[in-house]
Amino acid sequence: MNSEMAQMIAGTLQNGVHHLAARVYYADTDFSGFVYHGRYLEFFERGRTDFLRLKNVHHTELAEGALGGEPVVWVVRRMEIDFKAPAKIDDLLLIQTEVESIRAARVFMKQSISRDGVVLCNAMVEAVMITTAGRPRRIPDEWIDSFINKAKI
Amino acid sequence: MNSEMAQMIAGTLQNGVHHLAARVYYADTDFSGFVYHGRYLEFFERGRTDFLRLKNVHHTELAEGALGGEPVVWVVRRMEIDFKAPAKIDDLLLIQTEVESIRAARVFMKQSISRDGVVLCNAMVEAVMITTAGRPRRIPDEWIDSFINKAKI
Amino acid sequence: MNSEMAQMIAGTLQNGVHHLAARVYYADTDFSGFVYHGRYLEFFERGRTDFLRLKNVHHTELAEGALGGEPVVWVVRRMEIDFKAPAKIDDLLLIQTEVESIRAARVFMKQSISRDGVVLCNAMVEAVMITTAGRPRRIPDEWIDSFINKAKI
Amino acid sequence: MNSEMAQMIAGTLQNGVHHLAARVYYADTDFSGFVYHGRYLEFFERGRTDFLRLKNVHHTELAEGALGGEPVVWVVRRMEIDFKAPAKIDDLLLIQTEVESIRAARVFMKQSISRDGVVLCNAMVEAVMITTAGRPRRIPDEWIDSFINKAKI
């Protein structure tokens, strides 16, 4: 296990859109035979977390006060999720993540999960950075430039 | 363990609104110290499932073809979720569930999770009944009367 | 939601053995049609946590330093689990938990999950209390008397 | 997303031992700050499933009757798990899986999870192949030769 492996499983950025592969295992499914609807939120979280990782923003460091001394964590404020078609065991999924806009402490992201080019699930996510005391923490200006998908402008 | 116990943990219906208690355990939390956002969907699912149970609609029976012979399962089509304040370990939560409307195979539900009278999370849920072949299955007329909150009319 | 409700969902102690009811929901199952094997560990955790709750030991208070000022958490060190028969959707399960012995910072527990008097799953669990710095924290003497099943002596 | 990607995230076999990388996300952790003990079972399941995948044994195909016409699924019968040191958010884990022995319908596997060469968790797993009617299904002879780690003999 090394930096090559670390890089490999963090996905890739293409024109500001993060791409991450994920396999469906037993744990992700329910007795209907398909992926449990709540598990898609875990796939989406992986996408957002690895988007940030490739932008050099790490949960561990944030929780240790890397951003001006005060520990901060990410919190999801709102999600809109459209479940369009089901994923199932052994499926190989593609999670796509991009930042739509940023306002103060809030980041608005657009995400999708697809299989063989067919979208199974779409999500709009509003995430907020807060201090461990619960106060919103403004997104640093340098992140804004880095996060927003320039390729679309 | 008996029918008394079974009844007790299925919650109660009050004026068409289902009330269910749930405790927050280690498994529900994440390293931020709060409940993981994806786990609220499990609490909401418990509410919907036990609402149905008190209406005498059971997943097991549906999957065994109780509704006209063809096995059916519930699928979530769309969710809008507002995470307003965090729940944490040991919290005692109240899950509230009510049916807003029904159209063909689709049921629209309004749900909330609160602690000590303060709402932590709201959700609008669109669920669909489908056959195991993936076709929508119309909600039986007698369920419509039973599901909709008459107290509000 | 009140203290009556709080008491009700924490289970009961009978001759030193804790009894807790749990329902199987969609989230607990996998595509095999049965409960996912990893989810039994969540049911067992609920049993241990509510055993402690009835002994007046609360995760929140421990994490806030109630035990001599230093924050402590519980960690599972070892588990042996026998999956004897599967649970499935809508099942009403009984989780039983008792303390076998205590040595320094370690508590040895015996747990089972059953349905209608038939045991589905057995577990032996070794849990340790540690400080957030990772050092074992000796179990207080007064807990030892309280935890051990006197009825068996 | 293509066959190259599919191959990449299924891990590798080295002298009969399967190696799979996994990242720790928010969803895997609990409020203690570490990975929730029950989630290690999901990491272990990924290792076993991808070991089988590289041996050309797929859950989907088994459930569809690829093995002599009768649908079969894998069930875990027994696990012994030693949690030696905690994993935490952002950790890059290595899951190692090898088959120790096979008897009739039962496969005995040895698994570990490590970080930077340090073992965090060990497991002995007994899995059984059963028909959907619940009867054990003998492991095909050709699998036995393929599964057992020849490099050790």
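Every chain is named by a letter (A, B, C and D) in the order it is written, and numbering of its residues begins at 1.
To be clear about the criterion, contacts are C-beta pairs under 8 Å (C-beta built on N, C-alpha and C of every residue); 3 or more make two chains touch, one makes a residue touch a chain.
Computed from a predicted model, the values in this text were never measured in an experiment.
Colleague: Taking each chain's centre as the mean of its CA atoms, which one is farthest from the centre of subunit C?
Modeller: So the chain farthest away from subunit C turns out to be A.
Colleague: When the contacting C-beta pairs are counted for A-D and for B-D, which pair yields the higher total?
Modeller: Answer to which pair has more contacts is A-D.
Colleague: Would you mind pulling out the distance in Å between where the CA atoms of subunit A average out and where those of subunit D do?
Modeller: So the centroids are 26 Å from each other.
Colleague: Could you put a whole-Å number on the gap between the CA centroids of subunit B and subunit D?
Modeller: One centre to the other, that is 33 Å.
Colleague: Pull out every residue in subunit C that's touching 2 or more other chains.
Modeller: 26-27, 31-34, 38, 42, 45, 59, 63, 74, 88-89
Colleague: Where on subunit B is subunit A touching in the complex?
Modeller: 31-34, 37-39, 41-42, 45, 59, 63, 73-83, 86, 132
Colleague: Name, in rising order, each residue of subunit A that touches subunit D in their complex.
Modeller: Residues 1, 5-6, 8-10, 21-23, 25-27, 42, 45-46, 49-50, 53, 58-60, 63, 74, 88-90, 92, 94, 114-117 of subunit A touch subunit D in their complex.
Colleague: For subunit B, which residues count as touching subunit D in their complex?
Modeller: 26-27, 29-34, 36, 38, 88-89
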